Structure formats: C-alpha cells, structure tokens
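The following pair of complexes shares a single chain, subunit A, combined with subunit B in the former and subunit C in the latter.
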Partner chain A sequence: MLRLRWTILPVAVVLLLLSFPELNDSRSLLILLTKIFIYAVFAMSYDLLLGYTGIVSFGHAMFFGIGAYSVGIGMDVWKNSLGTLLLSVLIGVVAAAVVSYFVGILSLRLKSHFYAMLTLAFSGLFVVAAEKMRSVTNGADGFPFAVPEFFMDRTNFYYISFVFMIVVFLLLRRFTRSPVGKVLQAIRENEQRTQSLGYEVVHYKIIASVVAGVAAALSGSMYAITLRFVNTTVFTMDITIMALLMTIIGGVGTLYGGIIGAALIEYAHELLTSLAKVHPIFERWIIFFGLLYIIVVMIFPMGIVGTIKRWQTHRKAAALGKREGLPW
Partner chain B sequence: MDIVVNLLLNGLATGMLIFLLAAGLTLIFGLMDVLNFSHGGLFAWGAYAGVWMFALTGSFLASIAGAVIAGVVIGYIMERWIIRPVYGNHLQQILVTMGVMLVLGELLKVFWGPNTINAPVPSYLSGSWQIGGVILIKYRLFIIIVGLIVYLALHFLLNRTKLGLVVRAGVMNKEMIQALGYNIKRIFTLVFVLGAGMAALGGVLFAPYSGAVFSEMGLQFAILAFIVVVIGGMGSVKGSALASLLVGLSGAFMAYYLPDLSLAVNMLLMVFVLLVKPSGLFGIKG
Partner chain C sequence: METRDLTVVFGGHAAVNGVDLTVPRNHFQSIIGPNGAGKTTLFNLISGQLRPSKGSILFKGTDITRLSPPLRTRMGMGRSFQITNVFPNLTVLENVRLAVQSRSGVRYNFFSALSRFDWMREEAFSLLETVMLDKKSDSPAKSLAHGEQRKLEIAMLLALKSDLLLFDEPTAGISVEEVPAILDVIRRIKAEGGRTILLIEHKMEMVLDLSDSVTVLFNGKFLANGSPKEIMDNELVQSAYLGGHYDDAS
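Showing the complex of A and B:
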C-alpha cells in the first residue's frame, strides 16, 4: 500500500505539472515553476557532491556562473540562432568540466576542509574576474541578450525546463546507481575503507565533481536563457547558499530532496517578499531559512523529505540522530 | 620612493588586519579541529558594532571595546550552543558554521540596513606626517602598531604562560591534555572566544581604514584569511603572521601595479604552496 502511494504520487505530480499551462493561465506562477525546475537541477547537482560523495563545496556558483556567462556571451557575440545557442551551452559545459577537473585535482587530495575553503576562494576569484572584465561582462550591471523566438515563449520554455529537470534527474539517478555511483557512496560512508579496497578515492571524487559541475553549468545556462540577461550575481555566494539551503532543507542523498527544497524555497521567497510591506523583516526572508538550515544540519540530518518519509514508515521511531546513507 | 613606502605601509596594515582574522582561525583549527566558516561574520559584526558605538559615544576606545565585547559575546554563544554539539564531525561543522555566517550577515542587514555605512577616522588618528618626501598616514601606522602589539601579546600568551602551554599541548595531543586533568572544553571555549574577539578587533580597525562598512566585507576578508591559513599552515600562528604580511603586501603592490590581478596573485601563491607543500609553510596539521 505504502509502496503504491510512493509510485502514484510522483506520477500524479508529473501529470499535473505537464497539464499545468492548460489549466492555469497565471503567468507569474508559470515563471515561478520554471525557476523552480532550473534551481532544482542546480540543487540536484549539489546533492551529488554533498549527499552522495560527502564533500562540501562552497564554490558551486562558479559552475552555475560559467554556464550562464557562456550563453550570455555566446548569444551576445554571435548571430541569434538555435545552433549558436546550443554551441554556447556546449562551451559552458566543457569549460565547467575543465574548471571542476583542475579545482578537484588541486584540492580533493586534501582533507574536506580544504575543498570547502578552496572552492570558496576560487569562486571569489570568478566574481572578481567577472567584475574586472567589464568589456566582456559589463560588470555588476550585466548585459541583456537575445535568444531564439521559440525560447522566449513562456509556455514553451516551461515545458523545456520541465523536461530538462526530468531528464537530468533520471540521468543523475542512473549515475548514482551505476558502479561509479556506488563507489561514491562508499567514499561517503568510509573513505579509508574504500581506499583500502583498491579504489583510488581521489579519482572518483574528481569524477563526482566534474559531473556535478557539468550539471550545474547546464542549469546556469537555462537560468540565463529564461532571464535573457546575465550579471555577476550568478557567481556570488548567494547562489551557492541557495544550493546549500535547497539540498539540506529538502533532504540530502535523495536527489528529489533538492527538487522539493527548490520548490519550497522559491515559493517561500515569492510569498515572503510579498509580505515585505507588512513588516520589513520579510525583506530578509533568507534569515528564516538560515535558522531552519542550522536546525536541520544539527538535529534533522535527513531534511524534510527524509524525516517525513521516516515518520511515515516507522511512525515515531526516532527520526532524529545519525542514519545510514547520510553524509554526516 | 614615497609610493613604495605608501604601498608598504598599506600592505602591512592590510596584512595586520588579515592576521587578526587568520590567527583566530588557525588557532581554533589547530586546537579544536574546527574550521570556522563564520569567522568573517564576526569580523563584520566587530566593524558594525564599532561604527555604531563610535556614532553613539564619539570615542574610538569605546568603539573598540564595544566591538570586542560584541565579538566575544557572539563567539561565546556560538561555541556553547552551535559548535560544541558538533565536535568531531567535520562535515557538520563546515555546514553549520556556514549557516551561522549566513545568519550573522543577514542579522547585520536587519539591524543596520543593507546599505554601506560611513566609518569616520577619529580626529587624533586622521591626517598624516610628512618626513622628507614621504607621507606617513597616521591611521595605517596605528593599525600596524596595534597588530604588532596583538601579535606580541599572543606570542607571550602562547609561549610564556601556563595557559599557552596547555593550548599548545592541546594542538599536539588533545587526549593527553585531558588525561592530565585539564578541562579541554573550557580551553576550547576560551580559545574560540579569543579568536572571535580578535576577529572583531580586526573588523573595528578595518572600518575607518576603508572608510565604510558593508555586509559582504566578512566574506571578502574571510577568503583572504583562508588563503593565509593555507599558505601559513593550519595551526601555526607564526605561519599565519608571515603569510598575512605576504598576502597584504602582494595585495597592495599588485593593486597598484597590476590592479586586475591582485586576488589572482594571492590565489596563485596559494595554489603553488598547495602543490609544493600541502601542509603549508609552517603547517602542524595537513
């Protein structure tokens, strides 16, 4: 019965979301959902690192930004067509793969502290670089660009990003269930033991960081296409914080936790900023999520998805404390 | 000539400020095995609290005192309620301290608004002396002197007192210190609070130096402090002092001669150290 419910629910949600543009003509809700799909991919790519491999990156925004800027600059420089759009997305993907490979080689040999610290420093470098190269990026003011007509239609783009999210979800799920994915989870559980079983831990960590970087770059490209505008905020810490909040509050090590987290945070963002007229504290809505995040990290490591699921299956059997299959 | 002297002073002053941040970071890491990602938040809180006190009282000493007290209080609360429950779990520490950084930064905006706030230099420290053709800016000299005093005091505390002996022994072997009958938890709290106070001091000194405080300053300086800690080596105060001056000086000279590359040069320095000696120049722990 329970298993049936857990299969019916996602299918129902997918059907509902597919028919959504037919049922509803609220443009702002359509844009909100599109944003949620794109952020969900970013959160899932982060979950691959944090939830499946057990490494913390504070510079995930750099891959998001690489994807966004490659589309922005590509469409700004070249003639506006589907071919150039795909080419610039591809360039972003390759650049993200190269950058994540080198950052990984430099820092993944060291303790987890170093990776967190170095990715933070590297993404700081990208912000500065994007601000300094004003001739290309126009700094913090950013620049608008054109995309093919087809992508400008909100309904079309809604479907594209929905399919994009589902495809990336399925691919990442396939990846986590592959032999390589199993090794990554083994690293999360016990790094020394995995190493002593003969797996070169660093190589697998680098594979994880490259795959996560590529997925993040794709979501960054999609983000730039929806806005048809790009500025330096795509590289800032706020973007990384977004991924952290979404994966951790949603639930790590599940992939779909990131989707739930993205939906929750983006929806709450919309709701709370509209409350800013009531009280200025809602302008600082992220503070509530910061506190929620701290509580989740300290007390409910399974996040919302995991904790609810646990409560359902085990009723009140302790949903607190450390569980199997979690990075911490 | 006067440009070189000016850049030298500028670099040393920035280096001293980074040192105030990095020393706490490296000590906390060395002793407690906690890398505190919210350290920059304490720096920013020190700056804001100091500027606020200065506007309130008009006394620079009161503003320094206010900032350090703010840092110490926040540091104590943090250590007691947030860091202590997650000792020994690296991933949880990294995540939770970053969450604290986020909350501290947002709280700054709640209390003081999101815009930058001007931070005046107290009248007796503003202006400069002119010796020959060289202009010495008073406030920069003041920062350098304060930084030197803090370094010497820290050096004295660590190497000449019983407490320092216990702390240094704790960095090397925590379990042994406990077995010898010292309450390591109390020492942890003390070191954390000391680091928090130094970060806040760095913040309040930075405010008039840059002329303004802004909520992103914490993260900016934290990145520099991390670079310094990696170059100097985790757990080494001497290493972070030298690396701070190195980063401060290279930042100042690069900002003048090659302004586009100033952060990049520091990053390259760090990458080089990581490739050649991953434990840092004076690293105790790798």
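Showing the complex of A and C:
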C-alpha cells in the first residue's frame, strides 16, 4: 500500500505538469516552472558530485556557463536554425566534458579542501576569460541572440524543458544505480576502503566529474535558450551556491532531492523578487535563502527527500515490528 | 610474498626497520610483537597504503613496491583492517556485494541496472551466511555491533578471493563469546587451502593453534622466526615480552 502510493505520486505529478499549460494560462507560472525544470537538472548534476561521490566543488558554475556561452556564441555567429542550435549545444557538451576531465585529472588527486579551492579558481578563470574576450562575449554586459521560433514559444519550451528534465533524471538514475554508481557511493562512504577493494578511485571521480559536467552544461544551454541572452553571471559563485542550496535542501544523494530543492529555491527566489517591491530588504535574497536553509536543515536534517525516506523506513520497520537498522 | 630490507621512517623514527620477511605460498604465518612494534605498519607497506622509505616488496615473483593499493588487490592481495573499516551507511549486503563486484571485474559498467547482476547479491549473501551475518543483510553497516563489523570485514575479504590474505587483529576489541566464531571462520579458510595467510594477533593460543610459522617483530625490527614451538621456547622472545616491554592493551 505504502509502496503503491509512492509510485502513484510521481506519476500524478508528471501528468499534472504535462497538462499544466492546458489548465493554466498564467505565463509567469509557466516560465517559473520552465526555470525549475532547468535548474533541477543543474542541481541533480551537482548532487552526483556532492551527494553520491562526496566531492565538494565550488566551481560547478563553470560547466553551466560553458553550456550557456556555447549556445550564445554559436547562435550569435551562425545562422539561426535548429541545426546550429543543436550543434552549439553539442559543442558545449564536448567542451564541458574536456574541461571536467582535465579539472578532474589535475585536482581529484588533491585532498578535498584543495580540490574545492581549485575548482573555485578555475571557475574564476572562466569569468575573467568571458570578461576579457570582448569581441566574442561583449564582456561582462553579455549579449542577446536569436533562437529558432519554435523555442521562443513559451508553451513549446515548457514541454521541451520538462521532457529534458525527465530524460536526464532517468539517465542519471540509471547511472547512479549501475555498478559504477554503486562504487561512487562507496567512495563517498570510505575512499580508502574502496581503494583496497581494488577500485581505482581517481578513475571513478573523473567519471563522476565528467558526467556531472556534461549534465550541468546541458542545463546551462537550456538556461541560455530561455533567456536568449547570456552574460558572465552564469560563471559566478552565485550559480554554484544555488546548486549547493538546492541539493542540500532537497536532500543529498537522492536525485528527486535536486528536483524538489530546485522547485523550492526557485519559487522562493520569485517570491522574494516580488516582495522587493514591498520592501527593499527582500532584494537581499541570499539572507533569506540562508534562513530557509537553516529552517529546512532543522526540520529535515537529511534534506527533504532524505528525511521523508527515513520516515518511510521507520514506519515500515514499525509495521513489521522490528527495530533493526534503517537503510535509506 | 617477500619483503627485502623493508623500512619506513616517520619523522626520524623507523617504525619498520630493515625487515626481510619471506612467506611461502599457501603458508599460514603469524606476526606477533608488542604494541607499537610496527606490525600494522608492515601490513600498510605490504598492501600499499604506505610507501616504504627503503627496501622492496615482491609478490608472486614481481616487484610491487611502486604499485597502488587497488592494483595490488587485483593481483590477488586482500586485507582486513585493525580499526574496523567498512562503508557505514551502505547495507551489510552492499558492503560485501561491492567486494564481489570488484573481484568479478565489473569495474566500468555505468549503464546496466544492478538487477542484471543478481548473482553478485547471491554470492554476497552466501558469504554473509558464512560469517553468520545473513540476518542483518539489510541493515546499514554502522548499526552492527563491533564484533559483527569485524565479521563483515572478513566477509568482504573473502569476497575478493585473494591468494594472499592479511588479517590485522581480527579479534581486536570483540567480546570473549564472539572470538570462537571468528576463529572458526579463519580455521575454515585455512582448511580450504590454496591461500597464503598472514595474521597479526595477540591471542597466543590462536596463533599457536593456526600458524605454520611465527615471526616476531620488536621495535620495528625482525626479532625471530620459527615454528610456534620454537618461538615459545626462544629466550630472546621471552625477554622481549617479559622484560617489562609487554604492554598489551588490545
């Protein structure tokens, strides 16, 4: 019974979201949901590092930015068509794969705090590069660009983003449940023990880094397509912090968590932006995210999804009348 | 397995000092010595967790001094740790299954569902039966009692099907009632044959009962080697242990 309910819930949500544009004609809500889908992919990609492998990166924005700029520059210099758009996205993916591979090789051998700092430095390099290469990027101001008509329609793009999120979710779920995915979790739990079982930990961290980098670049590309504009903010620490918050609030080590975290943060962001008209204090959204973070962590110590899962196993265990371990 | 002039220095102090150790194939050899003698450090050198300052290690006739721990494991070397070393938030079954997965060479498969590898679960489960942990297979490893975690370590070690097994005080810190179970498992591994076993242990009855030969370490140095009886009768060993140096805390 319990099981059935937890299978029905996601299906119901998917059906609801699919019919949403038919039921509702609020344009702003449609845009909000589209953004949530895109950020959810970014959060899931970050969770692959943080929640599954136990890697702390402060530079995840660089992959988001690579995807965004790749689309921006591609559509700026080439003729506007579906072919060039797909090619730009593909270039972003390849570039992110190459960069994440090298960042991985260079730095995953380091102790975790050095790795975190190094990723921060790398993403800083991208901000500087985007600012300095004015002829291509128009510096910090960024530039607008055109995308095919079909993608400009809000409803179309809503569906595209939704399918995009579902497909990435299913692929990543497959990945995290594969033999390699299980080794990633082992690394998170005990790196040295994973080594001594015969796994070359660095290889796995590089795999995680590349998969996360590619997924992040895809979400960055989608982000740029919705805005039809790109500037250096896509490379900044704010973007990484957003992924970090979404992942932790939703629940690390669960892909659903990324989706729920993205929804919550993005909704809160929207709310604060509208409240800023009431009082300028609400523009300081980072303060409110800090508060939200503290509240959520107090009520849901393992993130929302993690804590709900734990309640479930508690209930199940109680129902079976056993008081043994609580897998989650 | 052989070590030659194996030495490692920590800040001027040689924890392992010029040790030449030869363990013949399919031999059961124990290593004893007072606490701080360098036994665990010697294991860390053999399994690759530490790099020696000097000397070399040979395994199956090849020099493995520069080989990484995972590659040594794949060559057929497995170890358990003195301080319990498992994956705390993974289930007991998953702990062992990961060892089975590694041994069976499924290393870079990133897209197949695990259900395609049901035999891994079955094998892991039967190993849990061997160490009498099958009833706890779905609990997270961290919920196990200390003695149970030691048994889990042994199951993981067995899953690797290593040719050389390194046991670092498998009975350390476990209750008296649980010792026979662990002793029994090790005895069974020995009886199966076909494996070289190195055992660090303080419980002398256990060492005398199981070993083909015993090596004594003292202050990082090789002190004596011989059959259990020879070692018991060795005066040097007696003075090392009885001369006030023996402080066996655990």
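Everything below uses one rule, namely that the second predicted complex is superposed on the first by the 298 of 328 C-alpha atoms of A that agree within 3 Å, B and C clash if a C-alpha of one lies under 4 Å from a C-alpha of the other, contacts with A are read in each partner's own complex, and residues count from 1 in each chain.
Rule of thumb we're sticking to: contacts are C-beta pairs under 8 Å (C-beta built on N, C-alpha and C of every residue); 3 or more make two chains touch, one makes a residue touch a chain.
Computed from a predicted model, the values in this text were never measured in an experiment.
*Asks:* Who does A:L272 touch here: subunit B (first), subunit C (second), both, or neither?
*Replies:* A:L272 contacts neither subunit B nor subunit C.
*Asks:* State whether A:E200 touches subunit B only (first), subunit C only (second), both chains, or neither.
*Replies:* Only subunit C is touched by A:E200; subunit B is not.
*Asks:* Does the superposition put A:A61 against subunit B (first), subunit C (second), both, or neither?
*Replies:* The answer is neither, since A:A61 touches no partner chain.
*Asks:* Would you check which partner chain A:M237 touches, where first means subunit B only, second means subunit C only, and both and neither mean what they say?
*Replies:* first
*Asks:* With both structures superposed, pick whichever of subunit B and subunit C touches the larger number of subunit A residues.
*Replies:* B
*Asks:* Scan A:Y293 for contacts with subunit B and subunit C and give back first, second, both or neither.
*Replies:* After superposition on chain A, A:Y293 lies in contact with subunit B alone.
*Asks:* For A:N190, using the defined touch cut-off, is the partner it touches subunit B, subunit C, both, or neither? Pick first, second, both or neither.
*Replies:* second
*Asks:* Give one of first, second, both or neither to describe whether A:I36 is in contact with subunit B, with subunit C, with both, or with none.
*Replies:* A:I36: touches no partner chain.
*Asks:* Applying the touch criterion given at the start, work out whether A:A216 contacts subunit B, subunit C, both or neither, answering first, second, both or neither.
*Replies:* neither
*Asks:* For subunit A, give the residues common to its interface with subunit B and its interface with subunit C.
*Replies:* Of subunit A, residues 327-328 contact subunit B in one complex and subunit C in the other.
*Asks:* Quick one: which bits of subunit A touch subunit C in the complex? Just the residue numbers, please.
*Replies:* The contact residues of subunit A facing subunit C are 174-175, 177-183, 185-186, 189-190, 192-201, 203, 207, 211, 324-328.
*Asks:* Name, in rising order, each residue of subunit C that touches subunit A in their complex.
*Replies:* Per the stated touch rule, the residues are 47, 49, 68-71, 73-74, 79, 81, 85-91, 94, 97-99, 101-103, 106-114, 117, 136, 138-140, 143, 156, 160.
*Asks:* Give the list of subunit B residues in touch with subunit A in this complex.
*Replies:* 29, 35, 37, 82, 85-86, 89-92, 94-96, 98-100, 102-103, 106-107, 109-110, 219-220, 222-223, 226-227, 229-230, 234, 260, 263-264, 267, 270-271, 274-275, 278, 286
*Asks:* So in the complex, the part of subunit A that touches subunit B is made up of which residues?
*Replies:* Those residues of subunit A that touch subunit B are 54, 56, 58, 106-107, 109-114, 116-118, 120-122, 124-125, 128-129, 132, 237, 241, 244, 248, 281, 284, 286-287, 290-291, 293-294, 297-298, 301, 327-328.
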